[in-house]
Amino acid sequence: MITTLLYSMTGLLLFAMGLFTLFIHSHPLRKILAVNVMSTGVFLIMVATAYKPMPLGNIDPVPHAMVLTGIVVSVSVTALALLLACRVQETSNLDLLERKKQARIPEESRR
Amino acid sequence: MAATKETMEILYNCGTLFIILGLPFFLSGTVGLIRFPDIYTRLHALTKADNVGLGCIVCGLALQSGSWAVTAKLLLIWLLVLVASSASCHLIARSAMQKNIEPWTRS
Amino acid sequence: MSWMHTIFALILLPAIATGMFRILRGPTAADRMMTAQLFGTCGVAILLLLSTGMGNPVLLDIALVFALLAALATITFVRRTWHGSNKRNHGNPL
Amino acid sequence: MIYSILTLFDIILILTMLWLAWCLLNTEDIFKAVVLFISFGLLMALAWVRMRAPDVALAEAALGAGLTGPLFLSALRRMNRTRKGERRLDSDENREKEHKANQEQG
């Protein structure tokens, strides 16, 4: 009973911390890390609800199967998100800064 | 394995002794990682924890297990950790030498 | 089920927790990666002790997977992050 | 006896995990955050083992600790390289430029 409670509270705290970081930081890699921590918190709550200590019999396998699928999906989603973040930074950031600078210079000279 | 009860008990106690012998290597590896001044000396502390500490624990658990399959699996784990840790420690030390990081000297 | 092995695992867990200081204030990147490697080895030892302590021989397989994949992160770090970062300085070996 | 020891194990594990997560979400250095994330995945595998879910622990050890760390490290390197104004070495455009430069030199 106390184990379920402990791990559920941990999952809740992890979810809250991840959500907070997702809101206040701007670097894309850190946002992906925050989403990963959030998903870990959710998995922790789901497995903690299925836990039973040894003499009380077997554990519920359905949340375990769902969490197993969720871990695999979260890894592939992380890989896709990392690729997209790299791509966004490579294609847009530098050129955008350059373009902004070049667009600003004639405006100022016109004044 | 035709082992009487007495030999089993002696083996179990020997295994416990080996595990107790292996624990200080891990603790000293952590302490060395925190206290040592230089990357090479920290590497030295780390490899002691990897090889000797885990070796002692694996040896103790193999003495206690009493079945050949479990013993073989434990030895396989130890060999894998040995290969992995030596390869990665060698890579780190060689990269550090290539980056011209000076070894620490008592000055 | 043996409480003695569980106590041994309990002794090894603070070793992981105190090793975190080196990650937080490591001067070079390699120190942080070395600490992660020590975490991996400590995790393998804790899993081995818990497999006897909790009476579950499946944990040996998890320790095997850990031992297989422990070197992957360190080797990626050395080849990609550390080694590669100086290689692009116009062929200068430093 | 063994359940009280395991509860103590739980408490230490949970405190370490929470501290690790707090540090990884609040450090300035992204590389430090990635290394802390690798360690966090390892402790998560221990937590799954403790909750009697060895199948989930196996998946977490293989994917979470083994695969995600190198993915993040590779992505970090790629981002750092482009941030300093250097193109990727293996992009086609750059390869053509290098090829032309070599031809002019040779």
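Which chain is which? They are A, B, C and D, in the order written, and residues in each are numbered from 1.
Definition applied: a contact is a pair of C-beta atoms (placed from the backbone, for glycine too) under 8 Å apart; a residue touches a chain by one contact, two chains touch by 3 or more.
Worth saying up front: this structure is predicted, and the values here are computed from it rather than measured.
J.: Please report how many Å separate the Cα centroid of subunit A from that of subunit B, as a whole number.
T.: The separation of the two C-alpha centroids amounts to 35 Å.
J.: Compute the distance, rounded to whole Å, between the mean C-alpha positions of subunit B and subunit D.
T.: Once rounded, the distance between the two centres reads 24 Å.
J.: Can you work out the whole-Å distance between the CA centroids of subunit B and subunit C?
T.: 12
J.: Please output the residue numbers of subunit A that touch at least 2 other chains, ranges allowed.
T.: Residue numbers touching two or more other chains: 54.
J.: Multi-chain contacts only, two chains or more: what residues does subunit C have there?
T.: 1, 16, 33, 35, 68
J.: Could you say which residues in subunit B touch two or more other chains, in rising order?
T.: none
J.: Touch graph across the chains, line, ring, star, complete or other?
T.: line
J.: Under the stated touch criterion, can you name all the chain pairs that qualify?
T.: After working through each pair, the chains in contact turn out to be A-D, B-C, C-D.
J.: Please give the residue numbers of subunit C that touch subunit B in the complex, ascending.
T.: Listed in rising order, the residues are 4-5, 8, 11-12, 15-16, 18-19, 21-22, 28, 30-31, 33-35, 37-38, 41-42, 44-45, 48-49, 52, 57, 60, 63-64, 67-68, 70-71, 74-75, 78-79, 82-83, 86, 93-94.
J.: Subunit D touches which residues of subunit C in the complex?
T.: 1-3, 6-7, 9-10, 13-14, 16-17, 20, 23-24, 29, 32-33, 35-36, 39-40, 43, 46-47, 50, 53-54, 56, 58-59, 61-62, 65-66, 68-69, 72-73, 76-77, 80-81, 84-85, 88
J.: Please give the residue numbers of subunit D that touch subunit C in the complex, ascending.
T.: For subunit D paired with subunit C, touching residues are 1-2, 5-6, 8-9, 12-13, 15-16, 19-20, 23, 27, 31-32, 35-36, 38-39, 42-43, 45-46, 49-50, 52, 54, 57-58, 61-62, 65-67, 69-70, 73-74, 76-77, 80-81, 86, 89.
J.: Can you tell me which positions in subunit B touch subunit C when the two form their complex?
T.: 16, 19-20, 22-23, 26-27, 29-30, 33-34, 39, 42-43, 46, 49-50, 53-54, 57-58, 61, 64-65, 70, 73-74, 76-77, 80-81, 83-85, 87-89, 91-92, 95-96, 98-101
J.: Quick one: in the complex, what on subunit A touches subunit D?
T.: Against subunit D, the touching part of subunit A is residues 2-3, 6-7, 10, 13-14, 17-18, 20-21, 27, 29-30, 32-34, 36-37, 40, 43-44, 47-48, 50-54, 59, 64, 67-68, 71-72, 75, 78-79, 82-83, 85-86, 89-90, 93-94.
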